[in-house]
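One structure, pasted below without further comment.
Chains: A, B and C, in written order; residue numbering restarts at 1 for each.
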Amino acid sequence: MQFFFEVLIGGLLSGIMYSLVALGFVLIFKASGVFNFAQGAMVYLAALSVVGCMEKGAPIWLAVILAFLVMVVFGVLTERIVLRRMVNQSPISLFMATIGLAFFVQGAAPLLWGNQPRGLDIGLVDEPIPYILDTFGIVVSRFDLAAAGIAAALVLVLALFFQYTRVGRALRAVADDHQAAMSIGIPLQHIWVMVWGVAGFVALVAGMLWGARNGVQFALTFAALKALPVLILGGFTSVPGAIVGGLIIGASEKLAEIYLPPLMQGVLEGNFGGIEGWFPYVLALVFLLVRPEGLFGEKHIDRV
Amino acid sequence: MFYRETGQFKTSYGADQQIFPIRQDRIGVGLVLAVAFLVVPALAGEYWFNAILTPFLIFALAALGLNILTGYAGQLSLGSAAFMAVGAYAAYNFQLRVEGIPILVSFICAGLTAAGVGILFGLPSLRIKGFYLAVATLAAQFFIVWCLTKFPWLSNNSSSGVISTPTVKILGYVFDGARDKYLLVLAIVSVMALMAKNMVRSKTGRSWMAVRDMDVAAEVIGIPLLRTKLLAFAVSSFYCGVAGALYAFCYLGSVEPDGFSLDLSFHILFMIIIGGVGSILGSFLGAAFILLLPILLDVLLPELSSLLHLQLQGSTVSHIQTMVFGALIMFFLVVEPHGLARLWQIAKEKLRLWPFPH
Amino acid sequence: MARQIGDVILDLKNISLRFGGVRALTDISFDVKEHEVRAIIGPNGAGKSSMLNVINGVYRPQEGEIIFRGEHRHNMNTHIASAAGIARTFQNIALFKGMSVLDNLMSGRTLKMKANFLQHALWWGAARNEELAHRAKVEEVIDFLEIEHIRKTPVGRLPYGLQKRVELGRALAAEPSMLLLDEPMAGMNVEEKQDMCRFILDVNDHFGTTIVLIEHDMGVVMDISDRVVVLDYGKKIGDGTPDEVKNNPEVISAYLGTQH
């Protein structure tokens, strides 16, 4: 039973990291209707920029600021060069364009900063927390807990930002109605750039946390693939959905990884590890068949 | 001057509904086929068959399959490579386990197996659309590749799922040279392309496009949405499955599940974006483009860097390649969303008026 | 007129339809007789489009009964409706944008075509003959609507008025016994409207097609319809001949915008 809780907690904590990446998707989707497949590549770019700047001698706080600037410039260029010219195209075309964007970034980022895997030290160590180990006999990583705390703080900050700032309100308005947003007096293009900036910031935080945990390497781009089932589960437009979805996916995939293979081996010969790769997707798919509008979405009937 | 519609009056709807209503197009297609079947085999060398022509045809077939689903029926799929894998492994197992099964029959069975799996993963399209469905197809991508790695029976207990295909033999004739295999692939691809063209110009294709363009209106007309989408999934997966079987049997000879990665799925998607979404010709143009571009870069980049006195690492070339792919995708989507096929059409229209543009 | 208005073929009883908290239709009953032109009018948001959507099964009402050709149903579905010969056009043109005019019209005949995809793939005799036979039928519609010159044009490139006409063509290609038209003349100039009126009356006249139409142009409605039903805020406030409706005080106040 202790083991079960250990797995569960580990899963929930890593789930928060998925939520973080999913949040980047949700922000952009809400504001511009673009499903940004390049979010994972952005995580990679952000993390690489941080270590790249640090290698050039910048202290970490400066590296973070510089990396954030890189992300903002990236957002502006994406909006100017690609998205603005595609306003009349179907959402699927925009989605495919972001796949192209992801490839572009995956090629360009290592050209810019070098492609060898590197570590990133943000002052957190991956070791069990003694207090919890002593009292409950459960291993909970200090790193995971701190990362989860940071992620949770970020989510809170974003929620406050959307609720209480003028820009934040405009961003929410644009999600509901482009016309209404323009009447607030903020040009749509500025709003998009801002959203990409915020999404870049989220990617930066996610990139640093993931990079510090697993090293800054190409595999960071797979962050996007982890976040997609989270989105299906939580809905593309719901911030709470992204968070709850991340927790569910994180917990269930870890539990499945531990408990499913022995079950399968009972029936069939073989070694069935690596379930993590597809389990979240199949879970999300099954869930969709039961509730196509997602956890927090509303039932919608097409208007004709 | 010579590309003209004038003087070719259609006197029946039959003549107007021919597969290529303009005579010059008919001649053109005939010429291409003649060159492909007769001239190329006489001239091309081993390298051309192995590295360019055969893979080109196979990828064109896979792109055609994806184009049916995404270009015609409007259901974006990110799992085409997985359906190729199903085809490859199914063909292998039919050959292995069914005594005396002719190879062509096992290719067809491979396609049918892929079609079955395609229908399974297409079922969610009943309830979800757009991105949701695209993400759902990723489930197919990961799940199928995982199964092929983890169930040893599927690869006859070989380590990490690698399979080596037997020789290809039809009616006692052994296809072992590169040229033989090219011709076999060419024949299969030609027939299947023709069938695809026939499907998309008849009720089947119209129903797909109707579902793509406006599903509510399609339903009101009496087009059953789920059946139509599932048919698109099935036919598309059949094409990808056969392409996968050819990929294993006539191109690589030995494949492993990880070879059918998400990356390959993306490349097939790129083929149809660049070639032309919703165009049979586009599938071929796109496949050629995506296949030739890396070869071109491999040749050009070292030249360029030595010209500029730069050091060029192996990884740099591959990064540049990825970057160029990405940039091209965005470029085409922004500038010419209908891809090379559209450019070709525009060129033809210009030609029709040439030399008097008004 | 040569046509003879027949018996009731469509009878709607106590239909109520809600979207979440929005009551789009509340307890609406009316009927449609064979061969007649039946108009539905009402201010914006009155529930007119929703009414058509209930008739051919795009929306499912929470309450009520639909009796079509003697068969009682709680709600229609699009499949039964199309198979029973109900065709329609939409308020916001719902053509297949990527297809040519010809293909759009051909798609209207989908239900009448029997060949399967394998026969199509092989361009088997039956499939080919079928395509040609239906092409001939579609050409009749093309002649009737005078759109020969744009046969091969992708509909996305056509001006609005012509698109509306093509959409009517797609519905006509199905040779429907009942035609539902959602604001077929909205956004047209006078000349285009006249053409459209002529087409609608011709269809009704020659083929005896029953027509249910939504239209905002009162002149047109009074001219071409046999009976009119008036909706306001999802409720029926009037029903009768154009003259009766014109003089109904409730209708007048709804249109003049007085408070109820």
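Keep in mind that, in the parts below, a contact is a pair of C-beta atoms (placed from the backbone, for glycine too) under 8 Å apart; a residue touches a chain by one contact, two chains touch by 3 or more.
Note that the coordinates shown come from a computational prediction; the quantities given were computed from them, not determined experimentally.
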| item | value |
| --- | --- |
| Arrangement of touching chains [line / ring / star / complete / other] | complete |
| Dominant chain pairing [most C-beta pairs in contact] | A-B |
| Nearest-to-centre chain - CA centroid comparison | B |
| Centre-to-centre distance between subunit B and subunit A (centres being mean Cα positions), rounded to whole Å | 32 |
| Distance from the mean Cα position of subunit C to that of subunit A, given in whole angstrom | 47 |
| Separation of subunit B from subunit C, taking each centre as the mean of its C-alpha atoms, in whole Å | 41 |
| For subunit B, residues contacting two or more additional chains | 216 |
| Two or more partner chains touched - positions in subunit A | 304 |
| Numbers and ranges of subunit C residues touching at least 2 other chains | 58, 90, 94 |
| Subunit B residues touching subunit A - in the complex, by the definition given at the top | 74, 76, 123-124, 127-128, 130-132, 134-136, 138-139, 142-143, 146, 149-152, 216, 262, 266, 269-270, 273, 315-316, 319-330, 333-334, 337 |
| Subunit B partner contacts - residues on subunit A that touch it in the complex | 35, 81-82, 85-86, 89, 91-93, 95-97, 99-108, 110-111, 115, 225, 228-229, 231-232, 236, 268-272, 274-275, 277-278, 281-282, 284-285, 288-289, 292, 302, 304 |
| Footprint of subunit C on subunit B - complex, ascending | 13-14, 16-17, 19, 195-196, 198-199, 202-207, 209-210, 212-214, 216-224, 231, 235, 278 |
| Complex interface listing, subunit A residues touching subunit C | 298, 301, 304 |
| Contacting residues of subunit C [partner subunit A, same complex] | 19-20, 49, 53, 58-59, 90-92, 94 |
